[in-house]
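Per-chain numbering from 1; labels A, B, C and D assigned in written order.
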Amino acid sequence: MTRSTSRRTAAANARPAAGSVDGAPPPALRLTRITKTFGPITAVKNLSLTVERNQVVGVIGENGAGKSTLLKILSGLHEPTSGVMEVAGRPVQFRRPQDAVAAGFGVVHQEQSLLSNLSVAENLAMNALSSTDNATRFGWYRWRQLNREAAETLARVGAAIDPRAIVGDLSFVDRQMVEIARALRVDEQTHATPLVILDEPTSVLERNETAILEREIANLKSVGSVIFVSHRLDEVRRICDRIVVMRHGEVVADRPTGDVTEDDLFKLMIGHAAKADKRSDAGRTVGAQNLVEVRGLTRRGEYRDVSFAVRPGRCLVIVGALGSGRESLARTVFGAEPFDRGEIRYRGDVVSSWSTVRATRNGMAYVPAERRTEGMVGGFSSTENITLARTGARPRFVLNRAGQKKLAREWFQRLDVRPDDIKLSLQRFSGGNQQKVVMAKWLQSDRLRVLILDHPLRGLDPGAAETVNDQIRIARDAGTAVILLADTLEEALDMGDDILVMRDGDVTARFDLSVDTPTTLDLLERMV
Amino acid sequence: STTTGAGAGGTGGSQAPIANEDLVLVASVINTTNPYMASMIEGAQALGEKLGVEVQIVDSAGSSQTEISKIQAILAQGKKVALMVNTVASSDAPTIVNAVKQAGGYVVIWWNKPDSLEPWDVGNNFVAFQKYSGVESGQCTGRALAESLGGKGNVIGLAGVEDSTTSQTRVAGFEDALKAYPDIKLLEVQSANWDPQQGLSVTQSLLTKYPNQVNGIWAADDAMIIGATNAAKNAGLYNDIKFVSDGLYPPVVDMMSEPNSPIVGETFHRGFMAAAIGLYTAYLAATGEIDPATLPEEKRDSLFKLACVTPTDFQDYTKWDGDVDAWIDTLIENGPWDTEPTPLVGQGPEKLPGT
Amino acid sequence: MANPVTREPSEQSVSTGRRTRPHHRFEVRSLGEVGALAVLIIVFFAINPSTFLSIGNIRTILDQAATPLIVGVGATLVVLMGAIDLSVEGVMGAAGMAFILTTENSRGSVDLGPLSFVVGIAMGAALGVAAGLIHTRLKVPSFIVTLGFWFVGLGIATVLFGTETIPLLPDGGIKAWPNETFLGLPHSFWLAVLVIAVGWVVTRFTRLGRFTYAIGDSEEVARSNGVGVARTKLYVFAVAGACTGLAGILATLRLGAGAPTVGGGVLFLTVAAVVIGGTSLGGGRGGVLRTTLGVFMLTVLTNGLILSGVDSSIQSGVSGAVLIVAIIFAAWPHRSRLRIVK
Amino acid sequence: MTQQPTEQPTQRSPERPLTDTATAGPSAGPRRRWSALDVWTTVGPLAVFIALFVLVVSLRPAFLGGGGLAIVATQATAILLVALGQGMVLHVGSIDLSNAANALFCAIVLAQALGSFGGGAIVLVLVIGTVIGVLNGVLVAFFQVPSFALTLGTLGILQAAGLIVSDRTTVYAEDTSLLTPMFGTAMAGLATAFWIGVVLAVALWAMLRFTVPGQSLTAVGLNETGALFSGVRTRAAKISAFAISGLLASIAGIMIIAQAGSASSTGLGSDLLLPGITAAIVGGTAITGGITNPVNIVFGALTVTLIPIGAAALGMPSEAQSLVYGLVIIVAVALTISRRRVGIVK
């Protein structure tokens, strides 16, 4: 890599202050009384925080606590409304994302921020383009070099991704690995001490990728610092040296990891202790007839010869690693993707010309993994989103606005959605609260029969996850058939009545949990 | 002549004469960049200056909607209007006539109107309709083209906008003239929308469609012949093809001035003359100097003389462009129907040959 | 524009496993458009065996394609960002008038020699910059800004045209240049080839070009990736204006006369060519070479219809029908219920 | 390493009840006021029109007395109808470049048929216009072709069809008595035809705001994938938007005959496309879809019509009028576009 010559203000500021007072190096980052408001909303309030060199700081907090906003301030996407930010003892102001990069900040945002029409190599180089990186010096691309450097970076995170592949063609997880690789690359690209900022990087990752990330974080610690946000408390405790808990935009606790247990953290975040696990079948109505039955279903390139059945009141969990085809299968059942062979039976009848519209009218519901693009209409208010699904056989012509508001208020309360503003457009809510609204959209229907959930807990804080899980159980107990693609195997064992294991498009095992008691290891064996 | 039938106060004269200071002369043209339209504006302004009456120009920008709106806006200004309008489409005429009538103004329409809409059916406010004969133009240039080819060869034609009556009558005259020359073959007539750029590309395509076959090109007006001659020049065929067209624009005069010019026939008429004749007719009616109701029908649905120009006499016509003001003087002196070189020659509506 | 967006997000966004498709070396990805062009050529050749593929007609087609090709390079860059440039006809008029009035012409206004080319191109670029500034600073949609600049350009051209006689270029000299041939093909076409080549290099190998794609994919994400969105947009509008200015000069040279309406019909031709070529109006997908294909499809179509003797009043109808068939043909393989096309 | 102030809240935070969001934290408060931006989004187009009108009248007072507003309303009618249709298509994120050609084609057919079929001709034309719109919609929805390119093709076909049906000349309607009340009668000084446009605008507004199909259109415009996954009939929504556009185009065609009594390929109504789109956008419609207020399109249409009329009424030099038109349109849109999604303006 080349010497950097023309750094902007932030970079200049980022150099260590001349002569530290007592010889101890200044902290990598010091925030003093940072506040960020969006109109009437205060997302971050009077927040002060220090990150020392060679330290991994975990930031946790419930959905909407202000974690992402804080990280966006650190990455130059938002300018704080007030407060002071110091990097290595020097006050800095990030006006643009490049300023943050120049100061050595590498960021993985909560929402993926890759350009899907460009190649992996290009995306990896993107945020360094303002510098005099050799591969793109003077605005001229040297593809060969760009690709070679990208391959090196990718190798570092153990990702076998072709640097020339178009990002849009990659799987969700591969894209996440590219993002992580890009953030980690900041130490190659700049000569400031790296500070890597990770906003829920693991929520979409599976075990081995998470392990690689953990290893990389450990490596980084020797040269720089890390800020790590996650809702997985065990992970936070394993990775971080210090844990900062945020609530309502403020830091409510800042403890060395050794001083707190997972339960303490839960309590600090949510305000009450975690509820005991309650796997009980009391009051559950299980239907005798199959509600959805799939026979020999095949979609070329996705899955082969899949058969299963779900009854009312039962939960079928489909587990599988990447490329198992389970997502496509779930979407096929909902009518969103076509299939090549086999049949889907709904309440005993073979469905023909199945579509999302017919599925919905028949009481099927689908919560997609891609919340923002598929699960909701961001420009609509929560009220409109909750009442959007056309679940009635013959929907009314005139909107019942009063009824909608009542419904929205009711579900806001039931799912504890915050902020408590049913008119605010949904894109303004934090991810967890958006997910609650997406759930409410389907749960409010009294015709709900089949609930298909694709990673419903992705990005949810433990409290919200609990709320959503409770709602899934309530719906199941009331006689809804549930098909769940779970995030973790623990979740699968916790929620499922039946488990279907898939690998590369084939069903490799089935378990009936009322008979079998597989361990996570049993499942894992058949997945990979 | 009838020019000075001052205040005859005939049967149809429902309105009192309007004084110069209460009057505004309005010339409505299709656009401001076509040389013919630019000439019309020049004529209107020269007349206004001579008469001491305010002149307003309406630029229709090629749109009936804009034309009608702007005319109505001027009618709404309060002053009485004497209007000369070169209609974008003939179907605009009834709407404009009605609007002017309601506002108590006077209108003369140039070039386009429906045959069924006759001034005497409307009343005094629709003073007259005026045009040069399109059939005659087409016949004149068609004949010149055929003669220059010795009565033998292949020709192509460039028409104006598809549904323009002006273009249709000229094409009809052109085709009619060729009937007398059985050895002249009309290969094709294509529309080039009065546009030099399209004249260029259509000619370019036709020249390749009929390689080394085209001996003559006819165009419905000079804007398109500018494109056609350039296409021929680009193809290196300029001196192998004969050209005819309508209007005798200054650039075409320059081309004709060259030795052995392939421009073998033109017609002469001028935008400034048309505009001034039309506007002056409306002005006379507005000021009460003529009473439209008493005019003979040929003075209310009129065909003016159009001169057939040959390579030998085209210089005779350039003198008119030199001194517009002097021509305006003769117009005011002789009245709209008797001014050289374009006196009234007949009555409309124009009949297509063979019908 | 009207945000007629063509996106294919959902198929690809799902975690469907590690099946990364091999990268694509060629920009012309699907051969749908190439096929459509080939079919057109074959059909017209069958109808007009003696003329359609004659060297004369090939020269004609290449010459007629030159202006929209040059405009198309700029238009493609703009569309790749998800914006649109409707100002081309006005800008061509203004640039053409600025050029002819500063070169040797029958009005004898001024003669700046070769500098007149610079004046014409600068006029185009300046209008592009002005439109770009309004678009980025006042956040007015490019659709409206450039629509406004269509009229502004026409207005400037009209004022320059004034009331004097039409300015003409003297025969020979620069006027003859576009039609003289090099290697048997007209200079106008070679000029277009040069512009396309530069356009292609810019889109493939330079930061400006790659940023254009980035902005087209997602302005927000591009910004968070450090792309100077406003600045890039401004540059692209300037480049597009300069291309349009050059096209205005070329059209004026071909016509041999100055006319504010020298760009008449070019807008729909180029926008249609960009879209037919397969560059998505939503931005981010497509490229200069695709537009080249689109321009040739439309130019061949117009030329072929004339050669085939189709009545001029139904030519627009036939091209419309062919256009519809062509885009359906090109879109057919990509159909999927989840594909969003606007 | 730990900061003093941050430790303080730790003491009480865990005990704070969950629902206590009103006192602290990122809460907007359940009752939001209308922001100035919301107000402007709603009244902007009206305000811009009034400002321009007042400007013209103050410079040329006779314009008011001479029935300036009536002229503007009359001339705006066809533009308004086409713009309303365009607004609906823009609302679902597409565009209809053929609707003005559709209007003119309907006008030509009506002029041919009015003499022999009378009222039946009007019904015929309404059906033709709607069917053309539906065809556009079906092709866009089922063949997944970009509406811009598709309707460009339809535009060419309709132009040719107009020339053929009219036999390349002006067609004069034999008996327009049925239609004379449209512009022959007035309410509050403005032509009945204009009020019909206003009523249709209000009806569309109510449809978008208060009905389930209207909500579906909006959902498709804001996020088609999201709508699809909620069981919304997205194809039906698109087809209906194009159908409405076709229907309104045919009504515009009827108004052209009512106004001119005749139709031709280059006559009145032959250049409604750009003014129609412009009126929709000046009326605050977002080209990105999902944001349309049909009532504001009324003011958009009035503004777009007023600019050239006003320029003529003020006696502006004709060479400068095109310049002024371009600049005023840009300013009007800069003032009226929805700023709800500022940042991503394309």
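One rule holds in what follows: a residue touches a chain if its C-beta (ideal position, glycine included) is under 8 Å from a C-beta of that chain, and two chains touch if they have at least 3 such contacts.
Keep in mind it's a predicted model, so treat the numbers as computed, not measured.
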| item | value |
| --- | --- |
| Chain located farthest away, centre of chain C as origin (C-alpha) | A |
| Winner on C-beta contact pairs when C-D is weighed against B-D | C-D |
| Centroid distance [mean C-alpha coordinates] between chain D and chain C, Å | 28 |
| Centre-to-centre distance between chain C and chain A (centres being mean Cα positions), rounded to whole Å | 42 |
| Euclidean distance of C-alpha centroids - chain B vs chain C, Å | 36 |
| Multi-partner residues of chain B (at least 2 other chains) | 32, 41, 162 |
| Multi-partner residues of chain A (at least 2 other chains) | 336, 373-374 |
| Contacts with 2+ other chains: residues of chain D | 163, 168, 225, 228, 319, 321-322 |
| All touching chain pairs, where touch follows the definition stated at the start | A-C, A-D, B-C, B-D, C-D |
| Residue ranges of chain C touching chain D (in the complex, touch as defined) | 1-6, 9-10, 81-84, 90, 134-135, 138-145, 147-156, 158-159, 162, 219-220, 268, 271-272, 275-276, 280-281, 283, 313-324, 327-328, 331-332, 334-342 |
| Chain C-touching residues of chain A, taken from the complex the two chains share | 75, 77, 96-98, 101, 109, 113-119, 122-123, 126-130, 136, 139-141, 143, 160-162, 164-166, 168-174, 204, 301-302, 322-325, 327-328, 331, 336-338, 355, 369-370, 373-374 |
| Chain A-touching residues of chain D, taken from the complex the two chains share | 1-3, 5-7, 9-10, 13-19, 21, 24-30, 32, 35, 210-216, 218-219, 222-223, 225-233, 290-291, 340-341 |
| Touch list for chain A against partner chain D, complex | 27, 33, 39-43, 45-50, 52, 64-66, 242, 245, 247-254, 267-268, 270-272, 334, 336, 356-357, 359-361, 366, 368, 373-380, 384, 388-391, 395-399, 401, 416, 418-424, 441 |
| List of chain D residues in touch with chain C within their complex | 90, 92-95, 139-140, 143-150, 152-161, 163-164, 168, 224-225, 228, 274, 277-278, 281, 286-289, 319-327, 329-330, 333-334, 337, 339, 342-346 |
